[in-house]
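Okay, got some structures for you below.
First chain A sits with chain B, and in the next complex the same chain sits with chain C.
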Partner chain A sequence: MRRRGPALLAALLLLGLSAAASLFWGARPVDPATVVSVLAGLPAALLDGGWSQLSAGLGIDAAVVQSRIPRTLTAVLAGAGLAVAGAGMQGVSRNPLGDPGLLGLTAGASCAVVLGIGWLGVVATWQLTALALAGSGVAAALVFGSSLLGGGSPTPAGLVLSGAAVNAGFTALTTSVVLSLPAVLDRFRFWSIGSVARAESTDLTAVAPLVLLGVLLVLGGSSGLNAMALGDELAHGLGVDLGLQRVLVFVGVVLLAGSATALAGPIVFVGLLVPHAVRRLLGGDYRWIVLFSAVLGPVLLLLADVLGRVLTPPQEIHVGVTTVVLGVPVLLVLLRRGRSVTL
Partner chain B sequence: MSPELHAVADPAADAPAFRMRGLSLGYGDRAVVREVDLDIPHGGTTVLIGANGCGKTTLLKGLSRQLKPLAGTLEADGRGVREWHARQYARSVSLLPQSPVVPEGLTVAELVERGRHPHRRWWGAPSPDDDAAVARAMELTELTALAGRPVEELSGGQRQRVWIALSLAQRARTMLLDEPTSYLDLAHQVDLLDMLRGLEHPDGPGRATVVAVLHELNLAARVADRLVAMAAGRIVAVGSPAEVLTPELLAEVFGLRADVARDPVGGRPVVLPRGRAREGPHPAPPADPVALDPAPGARPAETVRNLP
Partner chain C sequence: MTGTLLVPAAAPEDTGAADALRELRRARARRTRRAVALLALALLAALAVRVLLGRYTVTIPDFFAILAGERIPGASFIVLQEKLPRAVLGALAGIALGCSGALFRRVLRNPLASPDILGITYGAAAGAVAGTALWGLRGTAVSWAALAGALLAAALIATASVRLRGGGIVGERFLLAGIGVAALAQAVTAAMLTRLALNSAQDAAVWTAGSLSAATWERITVLGACLLLAVPAAVAVHRALEPAELGPELAAGLGAHPGRSRALALGVGVLLAAAATAATGPLAFVALMSTPVATALTRGRTSILACALVGAVVVVAADSVGSDLLSGTQLPAGVVTGAVGAPVMLWLLVRQRRGAAA
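Moving on, here comes the complex of A and B:
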């Protein structure tokens, strides 16, 4: 039998360790005692006067540690969001290459951000966050709408195809804006590489409920995904309401991909790698795939972020780059270990 | 309430598994199955036969509620199929489609267990009968020894048995099977069909109800209590194998010129195909069995040519 209980404990332990590494370790060496004292003072300070009160009257080291807190939380939320969105997409499209990017959600978010920077002159982080969410939402509506045009409930192939079309459209629009407005290119470059360092605590509190809701929706639909993995006909014969289950999971995926992209930019690969790795190690039960993705997605992003901080101090490498550097070998090893890649 | 009263109060007690009246089924506006009137009784094996594309699979899709009737009515156990709740229907009627998808990363036992889906409560929480149903299904399909093997590693025939086990684990009173013998060798085909014949009603006395599409007519004759012959979306004949499998009907339904013999054991009909019944160019019929009956001088030229 598969030992899922102990594996879940190990994964949670790994999450704790990665979060600790993200708090204790960085481009600037900080005495662990300072980290502990800042963390210990956190609840009292938050109760006292909120986040802004916290930074008052602290040394540089303490301020550095304090800046690592939202960064760690961003990595946790974005990692969970991307990995669970990937698991949901793989399940609902019955495509092991499923990824939020496949639905054009990331492209939609990028496009909205570019238009915001270029034409609306958006500066604030929260505005970019809101734009990214709106862009994902528009992309999702387009994908749903066009796959519903044929009548009946959307099929996996229909959704992936319309996702590809929407993706291409938004990418073309983004490219043309970026090419025609060099000033936009400069800012968009930084946004598009993906980073967990830019989200502010206000963004986090706004986006966290969306991520939670998205994870719950996909988790709720994961039992149906198990039946849908056997093909539509058999799933129908098992009494699964295919349309309802698909909508449930898709809404969850849109919320997750939109929120994660809004917080950290278009980080690729987490949504592909994490569910795949879980499936290889623990089998094809989507209830467990989703659950483990929610824990291991943050682990990957946290470790990638820590790696980016300590590799070339005092410079930092963006997490979008280190995720791929870290993730590609892991995926290749897993694929080698497996008997065959069935597509 | 006493049992007698209960029995009287239940009008569906002896309703047939399916009752079709003027039923038309199809895709979009195109009807594939047209104006079918048919009762399929409980407790027996009904086999649908007919040429490719005559609507057998479409009829099964209708019975499993995947297609809405274009016209006419369809009742299951005396209730219109649209009135059933999806899960409740899945506990009563199971479907094994022609080509289900093999998901990644599952063992045989895990895949068979997915047949328990309609019996489970929210979020697939295990139901108390799961283990027994899964074990029984794997035993009937001789998969117990393969329980821990990844499904991806199995042969086509073994996979087919896994799908049948999944359908058995669903423990529905009525099983719809679309070409369940595909990929199976002859011994396993016979095994499977005999097993289905002997299958019991999961929660009551009597036999389970099986509705299957089969292409191998002799196996169909061997296993079926009733044959339903279809051609061009309509039902051409219904009855016992001996009533349905006649040379005239085979010519009409399959365009097949055939003789029908009696099996010396059991007396069921055996179809002996001779060739196409249609007009026009077709390959010459197989050579006469001269070798078995070497009448002297029958074919002197060939005999001479074959001599050293």
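Moving on, here comes the complex of A and C:
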């Protein structure tokens, strides 16, 4: 119990370090002094609404550093969103495999985005974000709705199975649009890989409030998640109103999964790995799991992004690939350890 | 029907009970046989629709004349090089996927266990796209790359989940490792797709969706030869594992060797799925869907023949729908099976839960 305070401090320190790594390292080596001077000019640039007077003096290096700032913020937002969505999902479904990617939410979001690009000619970020939110909402409603239809509470296997079904359905729809419209394929194949490099600062201001709201919603419902972990009957006996808490967490998860996907494309495994790692270190109290996921999710995404940038310069590996390449061995080692992954 | 069920040591006084049991078992076998026969008819009908109807219609006498070797301008080419190969390849791939799904389901005793969810078909897709992107492979070479990808995926899952000491495959761990490998393969596929030029990306996208458009007699021969060896093995192993349905302890008590036959069954299942995927690309949901549908049709008993036939009917029908029935556009069979399979799967899940609740 006493370890949690220092652990949170350590996690925050880790977040600061990885954010600094993301700012200072990249495919193009930049003198640290340039980075510091650009960062020192950040408040002034925010007030003026542009980088004009600074970048003139420092050349390409400054521009590189300036492009790393929205990238770092994207990784922080998307990482927090995905990890907290995973934690909430695992709690609501009482399912160790709860991950927005595995349960079809990101597939729903990307399907909606592709339909928007292909048929409605959508380009603006807020439109894409709204579509992604709607898509992940529809997917979540389908998964949980179909698992509730039979009566009683959904079993973990049943839920993952519905998730797989919804996932495949949306993937089929996406593929059919992508195949009939070559122009969409060209945009989609770069979007579908999951990357934090393309977000603009305007996207960030649109999505940041949504992510914050989502994290607060899941955090608000996390005491209910603890009760749910005991099972519905016992929680009912304790006098906890599970219905409201479940709706809170559910809305939060949909918000987070949709906005993170709109920002960075489909990224799997962050939502699965981070909550499991936290649970292993600190035990099963959801209030702490959600809080730590919000801090450590960005750490994972930032480190994955930095790794992708420095491994094969001047080419970059997209973060959607590095998270999986980092995540799968960890999952396999956890599985090999003997004890299966449980809640 | 099977020799592996318990034969009750009927004492003379309860011959009545033994008779009732025998009658029950005979009725069940009859039901299975009837379902298999109906499915075979359905497959024949689906094949006939695929070959004879559609955008280019062939009359039945013309079809037999073409098969007999007569050359009808236009029709001969379309039937022999386009319609018939697609139909036959679809049926073979469906049979392979259906068998593979039934084997996985029986060994892992989990409705999720199928080569699609476990990443074996995604592994094949990743291998094919990587082969195209990195080494510029074309044609049949892509199929070999796909086969290598599928086997690599299976090897990864096995190393993660097979315990060296104590032996045996841990079902839950196998599933989780498979889901991890599936995500890895999808990421590799997406990364490779961005390295291709737009034209090759289009081809690769069609392939990763699962399509019969590249059907040639050469592919059919290769896949057919694989099936000729693997399907009898699959039927035998599936039957040998029948006691495993009761749970590992009881099965061991009945004298089965679950460890060895389970590993064999998974090996055959991987090979079947890999061969089918190498020929057609990953056809979504066929392996996952065919076992529950077949079990619903035979009412309770899983017959691997029924699973295989359901798989074949689904693939052939999906190809008909995708290439002939949609106005304006043609879709690969894998897209149709995914779009149809999702609601069917959800409906099956709801129905299964209703049954469990009642």
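Note that in this section the second predicted complex is superposed on the first by the 274 of 343 C-alpha atoms of A that agree within 3 Å, B and C clash if a C-alpha of one lies under 4 Å from a C-alpha of the other, contacts with A are read in each partner's own complex, and residues count from 1 in each chain.
Everything below uses one rule, namely that a contact is a pair of C-beta atoms (placed from the backbone, for glycine too) under 8 Å apart; a residue touches a chain by one contact, two chains touch by 3 or more.
None of the values given here were measured: they were computed from a predicted structure.
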{"item": "First, second, both or neither for A:T72, with chain B first and chain C second", "value": "neither"}
{"item": "Partner chain(s) touched by A:E233 [first = chain B, second = chain C, both, neither]", "value": "first"}
{"item": "First, second, both or neither for A:Q245, with chain B first and chain C second", "value": "neither"}
{"item": "Comparison of chain B and chain C by chain A residues contacted", "value": "C"}
{"item": "First, second, both or neither for A:R280, with chain B first and chain C second", "value": "first"}
{"item": "Touching partner for A:V166 - first (chain B), second (chain C), both, neither", "value": "second"}
{"item": "Partner chain(s) touched by A:S180 [first = chain B, second = chain C, both, neither]", "value": "second"}
{"item": "Shared chain A contacts, counted only where both chain B and chain C touch the same residue", "value": "340"}
{"item": "Partner chain A, residues of chain B touching it in the complex", "value": "61, 64-66, 86-91, 93-97, 99-107, 110-111, 114-115, 117-118, 120, 122-124, 150, 152-153, 166, 170, 176"}
{"item": "Residues on chain A engaged by chain C in the complex (per definition of touch)", "value": "97, 101-102, 142, 146-147, 149-152, 157-158, 160-162, 164-166, 168-173, 175-176, 178-180, 182, 185-186, 189-190, 192-194, 268-269, 317-318, 320-321, 324-325, 327-328, 331-332, 335-336, 340-341"}
{"item": "Chain C residues within the chain A interface of the complex", "value": "110-112, 116-117, 156, 160-161, 170, 172-173, 176-177, 179-181, 183-184, 186-188, 190-191, 193-194, 198, 201-202, 205-206, 209, 284-285, 288, 329, 331-332, 334-339, 341-343, 345-346, 349-354, 356-357"}
{"item": "Partner chain B, residues of chain A touching it in the complex", "value": "94, 96, 220, 222-223, 226-227, 229-231, 233-234, 236-241, 279-280, 283-285, 287, 339-340, 342"}
